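Once you scroll down, you'll see the structures, which are given as structure tokens.
Heads up, the next two complexes both have chain A, just with different partners, chain B and then chain C.
Moving on, here comes the complex of A and B:
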């Protein structure tokens, strides 16, 4: 049981960075961005191939993975803001393009990292006294650092303009900001984080696979929605914290479902179906609740 | 300061063509305060939208401060030209706090990765809000969506004038408020305009307001300027006179057009 929880916490943290990326587009920019299913793999592909083929050090491959993801986000941004393609379709197009590009980067459908010094393995070796917890501690430090940096970013002049772009686009135009530029910035940061998450997942699990990004948007949304329903603060620090907490809860639930789900006839392959249904329920419940409230109001008045 | 040179705007919806602006010539000097009245569909809002760059003109040129801005996008024009519309929800970001909204408004270009709100800025903001007398200085960290319509519009006025624009465009910005707030926001707007000496165009449905405020008054009808009073002429004009013009313009447009130019 303890091993399961440790595993769930590690996964919650490492996928939490991708959830923060989804949070930026979905919550802050109100831009449903499907690029993430591709950029997650791009991060994993870059962080793996550079390690295996080019002998880069594990830290710089993560920085390059972030940059590659940011570039992917910019492609969606150009498609949407400069070429006028609808947000959903722009993301889908980039995601499909990335499938080919990711295969090019890796040179084959998957790369094994079992025989190279990955970031997580290097950490485990440098702090042996932490034992099994070393990866968890390392990931916690990385994730908290990312969260705090993101909070700082959202308090800068550009960060505020970015948040206002999703909140009231007409208002931000009236204050001299080009909303197109802000969407590009948001998409770049978001997909950069998703790719960083992909890179870390590859190092953590010891392989990169061209299909590993499938459903990144849905699991990211699950974390954002679970966290948002528990912590309803509008303060940016609490909002980013809620995403990470949502990710931890989601991954724990997944772990428990995989471990004990057989009791109710649950298979590992059902996971994406269940996750998507969870997101559907989470999206529909507030709407139904609102309709019920109105009906109650109408009856009582 | 502001020059409109034969500005036309035609809206085409299917086979119908609506001439919202029929070749407007207008010149405002720095510090002018122009009030605009006219019936619905007279082209008042289109005029402000064209000046703000939200709608491109079909023909004609617009110059602000000697610079031709006809092809300049709305967000770039906003650096020198602020606009407030009727709906109090339009001018502020609802889920962000009062302080954050003010921080966005305090800078119209050259945004960087630097902290937007420090302690010094907060005390400046509180000081500024205190002059409104609405208690908003104690609510700097409240999301704007918790404010009433009047409070939100007051904040919008502060935000519009914060970066000291050269030109202020007011599109019936008190029309959606209750009577107490109408007077309050009107007083507030006037104080800001007079303090900062901003060149202003204000659309209003209230003829008394149109006469009381500003140094110039213009009546529009069917995309044309049908009367334009300035200085002494405006000071002597009465509501009765305006109503007379107003009704006359509906009956005999052509006569009034002739009258205007002489």
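Moving on, here comes the complex of A and C:
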């Protein structure tokens, strides 16, 4: 059980960065951005091919993965704000373009990282005294750092303008801020984070696959919505924390479905059903508890 | 008092028997990337091969079955779940599952047996196709098909064939590799290969139609995306009046003129035989990767008739199966 929860936590953290990216577009900008299904793979592709073919070091490939994702976000931004293509379609178009571009970056649909020094492997080797927890501790530090940087960013002038863009575009125009620029910034940061997550997932999994981006938007939204329903706050620090908690819950649900699903008679083919049901439970239990508490309060008063 | 003591003794004895029964069978985790007729057949083949070798299910072996349901992101959690369940061996069907299992169990000696992987060396699963001593705890069975042989067969079927159209999904590792092999082999046979790309099942019809009038024959390898929408390719081949060769014998009745390759149930049986060797004490680093041989040729004479093509006797003589008059015939059975 402990090992399962450890792995679920690792995945919750590593995919949590992508969820933070989805959070920026979906919650802050109110921009339904499907670019992420492509930019997640772009990050994985860059972080793998540079490591395997160009012998870059595992840290700088992550920085380049972030930059590549940001560039992908900018493409969607240009399509939407400069060429006037609707937000949803702009994201879809970039996502489809990225499929071909990702194949070009990788040179093949699947890159194995089994025989190279990946970031997670390097970490495991440099802090042997942490044992099995080394990857978890490392990911926790990375993810918390990303979260705090993001919180700081949202308190800067640009960050505040970004938040205002999603809330009330007319108001920020009145303040002399160009909402188009803000959308570009938001899409770049969002897809940069998604690509960073993709790069980390590739190193963590030991391979990059051109199909691994499928559903990034869905799992990202799941994390954002689960977290948002558990922690209702308008404070940015709590909001980003809730996204990470949502991601942890979602990945724990997948892990528990895989590990213990058979006990209640589930078959291999039921995986996605079980995962979704566990998420439903995670969403409903706090709501029911809240209702019960209120009823108890009403009775006692 | 006495009855209580008896109960405790009974529980202890029962617990010991239970523990012994639980400890005895070896757990084998079998995982595949997606529910798919070929991959399901491999899974069945593995299980049947072990049963045939005398390993009774739930007494000698316990199978833990898992499917990533088409999402490569599920591959690592599945391998981790196998690890926490203490499996004695992992059977990984398809490239991403094998890579994930190799990563999760890399610090262990646990045998990883892959299956339905086209090119395990190019995929980075093993160092060497012939020398297992450098391959660590990984071995398995490759489903590499004879692409050059298939192209030559199309030429033998109709000497007028010069341009061969391949519909494929460049996002599938296996299919991508096979298409590369076709592009490499074609010039030596005096052929040119024209490719059309379908990244999803929904895009197969358009890709197939784009080849009409531009090719003298259609060829589809073991591409899961295209095979799922094979009717579209068959329609395009019929519309252009050219033959169609498919590297999947189980699809013969759907209408390709020729179907080559091996069936995936047998692929699973071969994988199962490899597993039995490991269970009987051999280490994976003593067992070289197996490349399944013995591709069969199947001919659909109804489909040939539709495009006015006469199949040469040289091919019919080698055919392991025929489809004619709306039903399948097997010359080997003599009916």
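Here, the second predicted complex is superposed on the first by the 261 of 301 C-alpha atoms of A that agree within 3 Å, B and C clash if a C-alpha of one lies under 4 Å from a C-alpha of the other, contacts with A are read in each partner's own complex, and residues count from 1 in each chain.
Going forward, a contact is a pair of C-beta atoms (placed from the backbone, for glycine too) under 8 Å apart; a residue touches a chain by one contact, two chains touch by 3 or more.
Note that the structure is a prediction, hence the values are computed from the model and not measured.
Judged by the touch definition given at the top, the superposed model places A:7 against chain C, while chain B stays out of reach. In the overlay built on the shared chain, the residue A:153 is in contact with chain B alone; chain C does not reach it.
Of the two partner chains placed by superposition, A:225 touches none, neither chain B nor chain C. After overlaying the two complexes on the shared chain, residue contacts for A:79 are found with neither chain B nor chain C. In the superposition on chain A, A:177 makes contact with chain B only, not with chain C. Of the two partner chains, neither chain B nor chain C is touched by A:194. Judged by the number of chain A residues each one touches, C leads among chain B and chain C. Shared contact residues of chain A, touching chain B in one structure and chain C in the other, are absent.
Residues of chain A touching chain B in their complex: 152-153, 155-161, 163-164, 167-168, 170-179, 234. The part of chain B that touches chain A in the complex is made up of residues 73-76, 78-79, 82-83, 89-97, 100-101, 103-105, 107-109, 111-117, 143, 159-160, 163.
Those residues of chain A that touch chain C in the complex are listed here as 1, 3-4, 7-8, 11, 15, 99, 103, 108-115, 201, 204-207, 209-212, 214-215, 219, 251, 254-255, 258-259, 262, 267-269, 271-272. Interface residues of chain C facing chain A in the complex, by the touch rule stated above, are 35, 64-78, 80-81, 83-85, 95-96, 99-100, 102-104, 106, 122-125, 170-173, 176-177, 199.
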